[in-house]
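Here subunit A shows up in two complexes: once beside subunit B, once beside subunit C.
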Partner chain A sequence: MSLFELSILPMALGIVLLLGQATFFRQTKLALAIILLSSAVSFFCLPDNLFGQLVALSTVVNALLSMLNPPEPVEEYGVLLLSSSLGALVLCQASDWIYLFVGIELLTLPVYGLIAFEHRNAQNLKAAVKYFVLAGLSSAVMLLGMGVLYAQSGLLDLSLNNPLGGALFLMGVAFKLSVAPFYLWTPDVYEDSPLLVTAFLATVSKISFASILASLSLSLNLLPILMLMAILSMLVGAFLTLKTDQITRFLAYSSVAHMGYVLVAWITDGSVLFYMTSYVISVLSIFAMILWLDGEDLVGLWGKKPLPALFLIFGFFSLMGLPITPIFWAKYRVLTAALVGDYTILFGTMILSSLIAVYGYARFITRICQRN
Partner chain B sequence: MILLAIFLLPLIVAFLLPFLPRYSGLVSLASILVIAALTLSAYSIGESSSSLEDVWLMEFKRGWLYFALDGLSFVLLLTSQLLGALSLVTVWQNARQQMFLLLTLSGTIGLLLSIDLLAFFIFWEIMLLPTYFWVLSAGKEGKSFPVLQFIIFTQASGLLLLGSVVALLTLTGTTNLNQLLSIELSQAAELWIASGFIIAFLIKFPIFPFHVWMPSLFAESALGAIISGLLLKTGAYGFLRFVLPLFPKASMQLSSLMMFLGAASVLYGALLAFSQKNPAKVFAYSIISHAGLMLMGLFSDHQLALNGVIVLMVTQAIATAGFMMSLNKHLGFSLFFAMASLGLPGLGNFVGEWLLLFGLFQSYPQMAVLGSLSLILGAAYFLKMLTQIYYERREAMTSISRMRFSACLSIAVLLLWIGLFPADLLDLTTQVWREDISRGAS
Partner chain C sequence: MQLALIPFFPLLSFVALIALSKRLSENQVTTIGVAGIVLSFVSALLALILLPENYREILWTWIPFYTSESNTATIQMGFYLDSLSAVMLMVVTFISSLIALFATSYMEDDAEIGWFFACINLFVASMLILVLGDNLLVLFLGWEGVGLCSYLLIGFWRNDIENGWAAMKAFLATRIGDVFLLFGIFLIFSSFGTLSIQEVLQLAENHWQTGSLIATYTALCILMGAVGKSAQIPLQIWLADAMRGPTPVSALIHAATMVTAGVYLIARMGGIFELSPVAQTAVLWIGALTLLLAGVAALLQNDIKRVLAYSTMSQLGYMFLALGAGAYSAGIFHLVTHACFKALLFLAAGAVGHLRGHTYSLLKVNNLRYEIPWVFWAFLIGLSSLSALPFVTSGFYSKELILSQVFESSYGGTLAWAAGAFGALLTGFYSFRLFMLLFYSKGLSDVSQFLKKGASDFPPLAKGGQGGFSNDLSWRMKVPLGALMVLAVIAGFFPITQITDASVIHFVAARTASWPEWIAVSLGLLGIGIGVWKLYPMPITDNIWMRSLGIEALYERVLLSPYRRLSYFMKGDPIRAVYHLGVWLSISVQNLLQSFQTGRTLQYVSAFVAAMVVLLAFWAVI
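Up next is the complex of A and B:
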C-alpha cells in the first residue's frame, strides 16, 4: 500500500463505517466518535505532509465542536464532513493536475451539502446556492486553466508555464481562497451558513488551497497579477473590516486581508505553511468560542465569562498581529522575506493594511471588555 | 540573571495576586521594593566588576531576549519602580488594578533593559496590553472611544517600529544593538529607517500632530495618569537609546524638522493647557508642551541638553504623579507639585529645563528662545488651574490618607533634593551620556 493510500485510509474507513451505521442503527455518540477517531488517526498517517496534518487537526477540532451541539442526523453530517476533509487531504498531496482536480471537487462538493444541511432553513439554502453557483463557476475556470496548461505542455505536472492557463488556474484558487477581487461570496456565505460549516470553510478549505500555492512554483510572468491581487486583497479586506459589526461577516473580511498576506508569503517565499498554521489557530479559537457561547452577546463578556472572553481576545489580538501571538511571528517572517526579496510595495501595503485593520479588531476587543 | 529576575519578579507576582486578595497591596509593594534593591545591587556589582572597555554594566542573553544594564537604563528603571510604588498607593485596595500595574511595570522594565531591537519592539507592544485592559475595565460605560484611540495610535506606532526593525534586520542581518552600532548604513536607508523609528517614538512621546490619544486617556483617572507616566518615558528613551546612536546622519538631517515640531508642540500644548478646565487635562497638555521641549533638547546635539532631557524625564514623571495623588486632597502638596512642574528654581524640574535650554542655546539660539516660552506659559496655565480649583470652584476636599501623605512627602523631598543638589543625579546622567550616546555620535 502506498503512502498516499495509507494517508486517506482512515477517513475513507470512517465514511464507510458511518454509512453502514446510518443504514443499520443510528446512534449519535458512536457517530461522533467515529468522526473524531478517523480524523485523529489520519493525522498520524501523514508523516511528512504538514499541510495534510494541519487539515486533519482542523477536522478534529471541527468534530469536537460539532459535539457541542450535534447536527441532526449526525451520520450524514459526518459523511459529508469526512469526505470533504478527504478531498482536502488528496489536494494537499496532489502531484499532478488530475489528482488536484479530483481533490478540489471532493473538497467542495460535500461543502454544498454541509451548508444546506438544515434544508428547512432559508438562510442556509441561500448560502448554499450562492456558494454552489460561484464555486462551480470557479472550478470550471480552474479546469479550463488546467486544460490550457496541459495542451501547452502535454504534461500533467504541476507547473504554471503558460501565462493564460496559469492565470485562469490561479483565478480559481483565488476564488476559493477569497482573495480580492474574487472575495464577494465570502461574507454572504460566512454569514448565512451554519457556524460549524463556516469554521470548516475558514480552515480546512483555506489550508488545502494554500497548500496548492505552496506546492506550485511561481512563474515570473504571473508576478504582476499576483502582486496586484495581493495588494488589493490586503487593502480591501482591511477596509471592509471597519464596516461590519456582525462577527462572521467580520471574520470573512478579515480572511480576505489575511489571504492577501498568504499570497505575499507565497510570492516572497515567506513560508505559507507557517502563516496558515498560525491563522488557523487564531481563527479556530474564535470560532470555537462563538460556537461555545451559542449566540450569546459578546458585549461585556469579559465580566461574565472570562475564559471564553480570553480566548476570543487572544484570537482577535492574534489576527491583529500583536507580538508573541502566533500571527505576529508569521507576519514578521513574511515582512522580512518581503524586504529580502525586494518587494517594498508588498511590504508597505502589508504594514498599511495591518494598521487600517487595527480599528476593526480593537472594536471587537473593547466590546468584549466593556462593562454593562 | 539579576536582570532577568528584575523583569520576571513583578510578572510572577502579578499572576499570584488574585490568590492573595488580602495581602495584595503588601505583596506588590514588597515585590517592587525587592526589584528596586536588585536594580541597585545590579548597578553596584556591575560598576565594581566591569572594566572601562565594557559597554554594559551587566548582560543577560538568550536568543533575542538580550538584556543589558547601563547608567541610562539604571536611572529610568529606578524612576519607573518609584512610579510603580507610588501608584500602588492609589490602588491599595484593588487587587485587580494592582495586577495591571505590576504587569505594566514588568513590561516597562523589559523594555528599558532590552538591547535587542526585536525584544525592544515586543516589549514596546506588550507593555500596552495591561493598559488596554485596565482602562477598559476601569472606564465608565460608553467611554470606549479614548481606548480605541489609544489602541489605534499605539498600534500605528508599533507597526512603524516593526517595519523599521524588519528593514534594519534585512539590511544588516542583525537586531542586536551592539553589532548595529558598528555597521554603517547608506544615507537614504538611514533616513527611511530613522523616520519610521522617529514617528513611532513621537507618537508615544507625544509630540504635537501625534498627541491626540493622550489627553483623553490621561484624564480617565489618577492611575491612568501614572501609568501613562510609565508609558510616555519610553518615547524619549527610544530616542536616547536607539535613534541618536544608530542614525547619527539622519538625526543631523532631520534635526531642523524636529526642532520645528518641538517648538510647535511647546506652544500648542501650552495654549491648550491654558484653555482646559479639568486639571488632569491641564497636566496632559503640559506634558505635551514639555515633550516638545525635550524633543528640541534631544536633537540639539549638545551634551548639556541631553542631560537636561534625562533629568526632566525623571522629575516631570514624579512631579505629575505627585500632583495627581494630592489633587483635591491636600492643598499644600498640589501647590508644591504644580510649582515644581512649572519650573520653580530649587525644585527638580528647574534643573532639567535650565540645562536643556542652556544646551539648546549653544546650538540653536532662536529655538532656545521659543523653548523658554514654555517656562512663562507654564507658570500661566498652572497658576490659572490652581486658582480655579482652590479659589473659584472650591471643590470639596477629601482628607488625605496617611499612606498618600507619606508618598507625597517622599516625592516632595526627592524633588527638593534633585533641585538643591542636582550634582548627585547629574553625575549618573553625565556618565550615561559619556558611555553610550557619544559612542554613536563619535
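Up next is the complex of A and C:
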C-alpha cells in the first residue's frame, strides 16, 4: 500500500462505515463519532503533507462544530463531508493533472449537496444552484487550461509551460479561491449556505486550492496577470468590508482581500502555507463562535458572554493584522518578502488594503464591545 | 539653595493653588497667594544680607550639548546675584507683595480668585527666574513665563471677548520681540558656544570689535526683544489695550515689573550694546521717540488707566533714553522710582474702580476730592512724583539724573536732552490734567458743554451715599497705598545698593545745577502749571493719537487680522478635509463595487467570462 493510499484510507473507511450505518441502523452519536474519528485518524496518516494535515484538522473542527447542532440526517451529511475532504486530500497530494482534476471534482461535487442539504430551504437551494453553475464554469475553464497544457507538452506533470493554458488554469483556481475579479459568487454563497458549510468552504476548499498554488512553480510570463489579480483582490476586498453588516458576507469580502495576500505570498516567495495556516486559525475561531452563539446578536456580546466575545475579537484582530496575532506574522513575512523581492507595487497595495480594511474589522469589534 | 528659594515659594504656591483652589475657601486662597510672594520677599532680603557680592548658584546641568568630542557645552540651571539683579529682586518681590495684598481686597468675591492668585504667583516666579537667570536660556524661560502670565491675566475676565482680543494682541506683539530675542540668543551661542551671561559679556569684550557687524546684529535683536516687552515704538501697540485686565495686574505686570524687563535686559547685556554704536543710538532714539509720542497720547485719553498706560510707555522711554546714553545706573534708578509711584497710581486707580463699579472713564468718575481722601492723596503724591516735582519726590531725582547724563553723553547730546526735557513738560501736563479731571471737575457739566452733544451718552454715576457706592477702603487696600506713598517720596533719597547710589546725596554732592537742569525743572513745573490752570477736559472720542498714530491699524492689517483669519481657517481643521476625501473615496468605491453584487447568477456568469476576456486581453497587450 502506497503512502497516498494510506493517507486517504481513513476517510474512505469512514465513508463506507457511514453508508453501511445509514443502510442498517441510524444512530446520530455513532455517526458523529465516525466522522470525527476518521478525520482525526487521517491527520496522523499524512506525515509529511502539511496542507493535508491542515485539511484534516479543519475537517475535525467542522465535525466538532456539527456536534453542536447535528444536521438531520447526519449520516448523509457525514458522507458528503468526508468525500469532499477526501477530494481535498487527493488534491493536496496530486502529482499530475489527472489526480488534480479528480481531486477538484471530488472536492467540489459533494459541496453542492452540502449547501443544499436542507433541501426545503429556498435560500440554500439558491446558493447551491449559484455555486453549481459558476463552479462548473470555472471547472470547465480549468479543464480547458489543462487540455491546452497537455496538448502543448504531451505530459501530465504539473507545470505551467504554456502561457495560455497556465492563465486559463489559474483563472479557474482564482475563482475557487474567490480572487478578484472572480469573487462575485462568494458573498452570496457564503450568506445563503448553512453556516457549517460556509465554514467548510472558507477553510477546506481554500486550503486545498491554495495547495495547488504551492505545488506549482510560478512561470514568469504569467506574472503580470497574477499581480493584477492580487492587486484587484486586495483592494476590492478591503473596500467591500467597509459597510457590510452581515457577518458571513463580511467574512466573504474579507476572504477576497486575504486571498489577494496569499497570491502576493505565492508571487514573492512561494510560501502559501504559513499564511493559510494563520488565516484558517483566525477564520475558524470566528466561525466556531458564531455557530456556538447560534444566531445570537453580536451587539454588546462582551458584556453578556465574555469568552466567545474574546475569541471573536481575537479573530477580528488577527484578520486585521494586529501585532502578535497569527496573521500579523504572516503578513509581516509576506511584506518583508515583497520588499526584498522588489515588488514595490504589491507591497504598497497590501499596506493600503490592510489600512482600509481595519475600519471594517473595527466596526465589528466596537459592536461586540458596545454597552447597551 | 538660597537663591533658588526666592522663586521657589511663589512657584510652590502656584502649584498649590492650581491643585487645591477648588477645595479651599477664599481666605485660604488669598493667604496662600500672598504668603508665597511675601516669603519670596523675605528670602530675597535674607539673600541680600547674607550672600556675598556676585554670587553664583548652579542648581543642576539643564541641557548638555556635545558639539564635538573635546568640546562640550552645557547649559546650567543657575542663578546669579549681583547689584543689578539685587535691585530688580527687591523691586519685584516688594512691590508684588504689596500688590498681592491689595488684590485680596480688590478681587474678593470673584469666582476665580484661586486662578487669579495662581497666575500672579506664577508671574512672580517667572519674573524672578528672569531677573536671577545666570544664562540667557534661563532668562528666556522667565521671559516667556511672564509673557504667558501677562496673556492669562489680561484676558482674566474671559466672559468679555474684547478682553480675549486684547490678551491675544499683547501676546502676539510681544511675541514678535521674543522671536528677535531668540535670534539674538542663537547668534550669541553660535559665536561663543556658551550662554552664560557673564562669560558671554567677557568673550564679547575680548573677541568682538567695536562696531562689528555681528555685535550690531546681536544687539539689535536683543533690542527688539526689549522693545516688545517694554512696549516701545514700534511694538507699543499692546500696552494700552492690556489695561482690560484687573487693575492689580496692570499695576504689577504692566507698570511696575514685567514691562521693565526690557530695560533690565538691555542693562544686563550692556556690554554688547557698548560694542555697537548703532544699536546704542537706536536705543536712545527709540526711547526719545516713545517718550514724546506716548506723552502726547496720554494727554488725549479719557480713561484713567489708559492715561496711566501711556504714561508708563513714556517713562519707559526715559529709561531707554538713559540706557542709550550709557547711563545704566540712572536708567535703573528711574526704573525703581517709577515702579513705586506707578504702582501707587495704578493701585489708587484700582481703588477708584473698586468703589465705583469698575468704571475708569473720566467722563463718569470725577470730583472725588472729598469722597475718597485716600485716593486723593495717593494720586497727588504719585502724580507729583511722576511729573518730577522738585526735591520732595523720588521721580525728580531719577529723571533729572537721566536728563543731565543724556546731556553730557556722547550718544545723546542736546537734541536727545531737549526731547527728554519737553517730555517732562508733557508729563506734568497730562498728569495734572488727569488730577484736575478726577478731583476738581464740577461733575459732567464741563465735559458735556465741551462735547455740546451726546451728554446723554455719558450719564453720571450716582455719587457716594446716594447711589449706594461705598467710599470705604479696607485696610488691605490702605496698607499698600500707604507704603507706596511713602516710597514714592523717599525711594529717591537712599541708595538701595551701590548701583543706585546716584541718589539725592550723590545728586547734591556731585552736581552743581547747570542751565540744562534748570530748564528741565522749569519745563516740568510749567507742564504742571498748564495742567492745573487749564483744567482742560478734552474728552477725545476717536482720533489718531488714541490709536497710536495709525501704527495700530498697520499691525491690525499686517499681523492681527491675518493671524485671526489663519486661526479661523485652522479652526475648521483643513487637514481633516484630506481624510474626509479618503473616507468619501472609500465609500464611493465600496458603493460602486457593491452595485456589482446583484445576486443574479446569469450576470455573475457574464461577469466571469468578461473578466476572463479582459484579463487575457490585458495580458496579451502586456
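Rule of thumb we're sticking to: the second predicted complex is superposed on the first by the 371 of 372 C-alpha atoms of A that agree within 3 Å, B and C clash if a C-alpha of one lies under 4 Å from a C-alpha of the other, contacts with A are read in each partner's own complex, and residues count from 1 in each chain.
Quick note on the criterion: a contact is a pair of C-beta atoms (placed from the backbone, for glycine too) under 8 Å apart; a residue touches a chain by one contact, two chains touch by 3 or more.
Predicted model only: the values in this text are computed from it and were never measured.
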Joint occupancy of subunit A by subunit B and subunit C, clash or fit: clash
Message: On the A-aligned overlay, A:N124 touches which partner chain: subunit B = first, subunit C = second, or both, or neither?
response: neither
Message: Just to be sure I read the superposition right, which of the two partners does A:L322 touch: subunit B = first, subunit C = second, or both, or neither?
response: first
Field: Which superposed partner A:Q53 touches (first subunit B, second subunit C, both, neither)
entry: neither
- request: Go through the superposed model and pick first if A:P224 touches only subunit B, second if only subunit C, both, or neither.
  value: second
Query: Is A:S138 contacted by the first partner subunit B, the second partner subunit C, both or neither?
result: second
Message: So in the superposed three-chain picture, is A:S66 touching just subunit B, just subunit C, both, or none of them (first/second/both/neither)?
response: neither
Task: Could you tell me which stretches of subunit A are touched by subunit B in one complex and by subunit C in the other?
output: 359
Message: For a test of understanding, state which residues of subunit A touch subunit B in their complex under the given definition.
response: 302, 320, 322-324, 332, 335-336, 339-340, 347-348, 351, 354-355, 358-359, 362-363, 365-367, 369-372
Message: Per the contact definition, I'd like the list of subunit B residues that touch subunit A in the complex.
response: 121-122, 125-126, 129, 132-133, 136-137, 139, 141, 144, 147-148, 151-152, 155-156, 158-160, 162-163, 166-167, 169-170
- prompt: Can you list the subunit A residues touching subunit C in their complex?
  reply: 129-130, 133-134, 137-138, 141, 164, 167-168, 171, 175, 181-182, 184-185, 187-188, 224-225, 228-229, 236, 239-240, 242-243, 356, 359
Task: Please give the residue numbers of subunit C that touch subunit A in the complex, ascending.
output: 586-587, 589-590, 593-594, 596-597, 599, 601, 604-605, 607-609, 611-612, 614-616, 618-619, 622
